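Written below as C-alpha cells is the structure these notes are about.
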Amino acid sequence: MLKGYSVPRTPLGLAAVTPPPPWHYSGDLIGVEYWADPKATACLLPDGLSPDPQTNGHATLLFGDWQFTASGEELLDPARYQCRECLILIDAVWRDMPVTFCPFDFVDNDAAIARGWVKGYPRRLGSVFQTRSFSAPSPAAAPIAPGSRFTGSLSACGRRLAAAHITLRQAEPDVTKIFSRPVVNLRWFPRLEAGKHEKPTVEELVLSVTDDLQIVEMWTGEGDICLPRNPGEEMQMLTPVRTGMGFRCSVSFSVTDLKILESPDSRGYVPHVG
Amino acid sequence: MLKGYSVPRTPLGLAAVTPPPPWHYSGDLIGVEYWADPKATACLLPDGLSPDPQTNGHATLLFGDWQFTASGEELLDPARYQCRECLILIDAVWRDMPVTFCPFDFVDNDAAIARGWVKGYPRRLGSVFQTRSFSAPSPAAAPIAPGSRFTGSLSACGRRLAAAHITLRQAEPDVTKIFSRPVVNLRWFPRLEAGKHEKPTVEELVLSVTDDLQIVEMWTGEGDICLPRNPGEEMQMLTPVRTGMGFRCSVSFSVTDLKILESPDSRGYVPHVG
Amino acid sequence: MLKGYSVPRTPLGLAAVTPPPPWHYSGDLIGVEYWADPKATACLLPDGLSPDPQTNGHATLLFGDWQFTASGEELLDPARYQCRECLILIDAVWRDMPVTFCPFDFVDNDAAIARGWVKGYPRRLGSVFQTRSFSAPSPAAAPIAPGSRFTGSLSACGRRLAAAHITLRQAEPDVTKIFSRPVVNLRWFPRLEAGKHEKPTVEELVLSVTDDLQIVEMWTGEGDICLPRNPGEEMQMLTPVRTGMGFRCSVSFSVTDLKILESPDSRGYVPHVG
Amino acid sequence: MLKGYSVPRTPLGLAAVTPPPPWHYSGDLIGVEYWADPKATACLLPDGLSPDPQTNGHATLLFGDWQFTASGEELLDPARYQCRECLILIDAVWRDMPVTFCPFDFVDNDAAIARGWVKGYPRRLGSVFQTRSFSAPSPAAAPIAPGSRFTGSLSACGRRLAAAHITLRQAEPDVTKIFSRPVVNLRWFPRLEAGKHEKPTVEELVLSVTDDLQIVEMWTGEGDICLPRNPGEEMQMLTPVRTGMGFRCSVSFSVTDLKILESPDSRGYVPHVG
C-alpha cells in the first residue's frame, strides 16, 4: 500500500513533497497596499471572477517569512520546510461576494510549491528576502518601532521581480484594514494528451479556507513598491499608479480544507461559504 | 483572455512556470543499472502495475544534465530552463507489457517540476551534479575514453540522497541494452477538501510518449551506487543488492503527448499503445 | 582613485564584497555546549594556542541567524547582507589567558565569507537553517517557552555536516554561563608563488574585538548534537563525548577592530589586550 | 600539525576551502570582445597599471563553465568543485608590457572564490549560466555550427548583472585573436585593526601564470552585451560603446605559480617575466 498526500508515493509516505493537512503556518509579513491600473487587474482575473466595481485596481504586495509544520515534527526540519514567499493579491468579486485573487506567487521551496498548486496559488520558485526584526538592540536590529524601515525583495531565475520598502509609523489594532476579504484562486493542472493541451485536467475556482487565523503586532506606515520590467515576466503589469499603506505584522493560520466554487463541469454550483 | 499552459495564467502567457509543449530536451546522462531488493521495488508500484516476473528488482539510477527548449527561445534563457535531474527507474509490467516505473525523481528548477508532475514524474527539488566531459585536454577534462570516471550526486534539503560512480570501458553501439522499456508513471494531483484528502483529484496511470528519441555516444563500464539512509526519506529502500553496468550517453527527445492507461473512473480502458 | 574595503575595488566602492567597518550584527543564536575528545580539540589548535588544562575538550556548536548592516543601508538589502552561520568554538589558552578558538565556520553568503577571513574565521559556504520563534501563536510558532524545541542544521556541498536539537527549559539571566571567553582566531591568506605554497602571505593569531555586545532573552535547556561522518570533511572529529546545556538567545555586537597577537615575523609581541 | 592550503586548517587538510595547487581547469567559454568608455576602463585600473594607449577601452566579457581538479579526485566531487564564472577583462599596460586586468569576477562556489582571491581575481558569489552545446541532435542541442546561438547570464544577490548573446559564424583557428595578453591582477587582503582600515595587509600587483594552456574548438561570430544598471553595483560603468566579435571555445590550463610584480613595500621590483 502506497502512502503520501503528494508524489512521490511510498510505503511510509515520508518522502512526499508535502505532508498531508493540517498545515500550520506562523510567520512575519511585510506588505504594501496599492492601486494598479484597473485594466491590468481586470485582465488577470480568471473566468468566474469579475472586477470589483468598488475597488477594481486595488492590490496588495506581500512578503512572507514562514515557518511550517504539519502533524509531525516538520518545524524541526527547517531546511526542508521553512519558506519565504512573495505574492500579489488583487480585489475582485465572485457573484456578489468581495474577494481577493492571487495572480502571482513565488516561494523558495518545493513543499510550498506543491501546497500552493493544491490550494490554487500559482506558485513559482523564487528567491525571497525580507528585513527582519531582532530582539538584541543594534543598528542591525530593525526594531518594531516608529521610523523602522524594512525591505522585501523577490528574484526568480536571477532577475529582480519585485521589491517593497516600508517605514513603520504606529501600531494598528484594527487588522481588518488590511485583511478583510477571502482569497479565491484558480486551481489548475495541465493536460498533456496531444490535441488537448488547451484543456487542463483540473480547472476550478476555489475559496481558501483558513482556520485559527491570528494577526498580531500589526504596524502601519508608508510603503513603496518596485516591479521592474523583465523579459519573460508579466508581474510588471501590476506596477502601482498610487501607493497606500505599508504594514508589518505576524500571522498564523492552519489549512485543512478548500471549497470548490466552480469548475467547467459544475458551473452554477454555489457552496455554503462561511 | 488568460494564457498559459501552467500557472500563473496571464494575458501573454509568458510568466507560466513552463511553456506549452512541444518540449525538446538534449542532455548528457550517466547511470548505473542494478538490482534492488525485489520486495522493495514491488512495494513501490502503484495500482495497475505489477512486478515483472522476469526482472523484478531490476532498476536504473540516472543523472541527467539537460538543456530544454519549447517553441520559443528557452535555450537562450539557461538560468530559467536548464535543469539537472536524478531519478530511479524500476522494472514492472502493465498488463503483459514490460514497462519501467519512476518512484523517485529530483530536478533543480521549477519548470522541470511542473513538467514532471504533468507527465507523472514524482519530482521534488534537488541539487544535482555530474562530472562532465570537456573538450580541452586536462586532468580536469574527463574525456569520453576508456578509464574515465564520472560521479553523479543528488542532495535534497541539504542531505545527500544518492551518488553514482562510473568508469567507462568501451563504446556500446547497442543502446537498447539500457533503454528498452517505455516509462509508465502515476499522474497525481491531491485534493484538499475536508474529508477527501485520501482521494486525489487526479490519479492516472500514464504512458510516456517520446518523439525523436536519439541516444548517441553510449559508453559502458563499471558502476557503483550509494543511497545513504536519511530521516524523512525512503529512496534508500532501493539500495543495490547487485550492481550491473555503468554507462554514459547523450540523449535527446521531444514531448508532445501522453497516454492515459488507467484512472479510477476508467479502470479497464486499454489505449492503443504504440 | 579606487575605493573598496575589499575586492572588487571600484570608483565608488559600492561593488565590494563587503562594506568597510563598522560592522553591526543582530541575530538569534541556538547552540549546545559540549565536550569533544580532548585529543581532537588539541590537535586543531594553531601555533600559539595550547589546550586549556582546565577545560580542554570543551566546545560549543552555534547556529546564528544574522542581520547585518554597516554605515549604509545594508539592512535594507537583505538578499545581499543577511546571513546564517554555523560554527564550533573550542576552549584553549593563549599564554595564560583562557580563550576560545574557531576551527570550523560556515556561512551562506560571500559578504560574510569575506568578513570572516579578515577576522580570522575559517569560513566556507554552507546552507544553514534554524527553527525560528514567531509571534503569532500556532503549532508552527516555536515560542520562547518551556518545552519549545529548535533545530539547527548545516550542509555544505550537498552534505549534512551538523545538526543540533535543543529543548528550552528556563530563562537564564546569567549569560556568562555561555559566553565567557574572548575568541582567538588564525588569520590566514595563502601564497601562490611556486615553491612557497607552504608559507602563507598572512599568518596571524588574532583576538576578536566586539563592541556593544548584548545578549538578551537567553534560555537554556537540553541539547543534542549530530556531526555526521562525510568524505572530504573533518568536522566529525569534534563529535560529542558528552553534551551539556542547549540554549537560545538573541545577540548583537559591532566590529571595528582586531588585535594581532602573534605573527611569524613578530613572535613574542604581546599587545595590550582589553 | 595542521594542514590545509587555505582555511580551515585541520589535521588531514581535507576540509580546506580549496586544495593546494596544482589547480587544473577544463571548461567551455563564451565571450564577447568590445569597447567600453575609455574613461571607465582607465578609472578601474589599480596603482601600477596604466591605460593602454593603443587599445584603452577594449574589454572582454567572458562566461566560463569550469570543471576543476587538483591532485586528488576533485573532479569526482562535482557538487563541491565544478564552478561557473563571469568576468570582464580590460586592456592595460604594466610598464611597457600590454596586459589585461580583471575588475569584476563572479563565481558560484566558495572554492573558486578562495582561489580567486589568492590569484588576485576580485571574486564575488554569483549565479552564472550559459547555453551549452550537447551531442544529441535536437532543437535544444545548440550544436557548434554556423548560426547557433548562446547566452551567458550573471546574477548576484538576485539582480541580473550581465548577459551576453552570441551567434556562431565560423571556426577560427587563430585563437590569439582573443587571448593574447597576460592577466595582471590586484591581490588584496584587508586589514581590520582600528585606524588601519585603509591599509590592506596584502596589496600586490600580480601576474597570472598559466601552464599548459590549450584553446580548442574556437568559433567566432557576432556578440551582444547587456550590463543592466543596478543599485549597489558598478559593473554597468563598462557598458559597451561598440561591440566586436562574439566567440565560443573550450579552454584548459593549470595553475601552480604567480608572479608578484609590485607591492607597497617593493615598488620598483621587476621580476623576470616570462
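A, B, C and D label the chains in the order they appear, each numbered from 1.
As a working rule, a contact is a pair of C-beta atoms (placed from the backbone, for glycine too) under 8 Å apart; a residue touches a chain by one contact, two chains touch by 3 or more.
The structure displayed is predicted, hence computed values, not measured ones.
J.: So which chains count as neighbours of both subunit B and subunit C?
T.: A, D
J.: More than half overlap in residue numbers between the two sides of the subunit C-subunit D interface, or less? Answer same or different.
T.: The interface of subunit C with subunit D is built from mostly shared positions.
J.: If every chain is reduced to the average of its C-alpha atoms, which one ends up farthest from subunit B?
T.: Most remote chain from subunit B, centroid-wise, comes out as C.
J.: Can you work out the whole-Å distance between the CA centroids of subunit B and subunit D?
T.: A distance of 35 Å separates the two centres.
J.: How many angstrom between the C-alpha centroids of subunit B and subunit A?
T.: 30
J.: On subunit C, where are the residues touching two or more other chains?
T.: In subunit C, residues 77, 79, 127, 129, 153, 155, 158 touch at least two other chains, as defined above.
J.: Spell out the residues on subunit D that touch subunit A in their complex, using ranges where they run on.
T.: 127, 129, 153-155, 158-160
J.: What part of subunit B is in contact with subunit D in the complex they form?
T.: Touching subunit D: residues 24-28, 66-69, 75-79, 82, 127, 129-132, 134-142, 149-151, 153, 155, 165, 212, 214-217, 250-254 of subunit B.
J.: Contact residues on subunit B for subunit A in the complex?
T.: Residues of subunit B touching subunit A: 2, 5-12, 14-15, 17, 20-21, 43-44, 46, 77, 79-80, 103-105, 109-110, 113-114, 117-119, 122-125, 156-158, 186, 188-194, 197, 201-202, 231-235, 237, 255-260.
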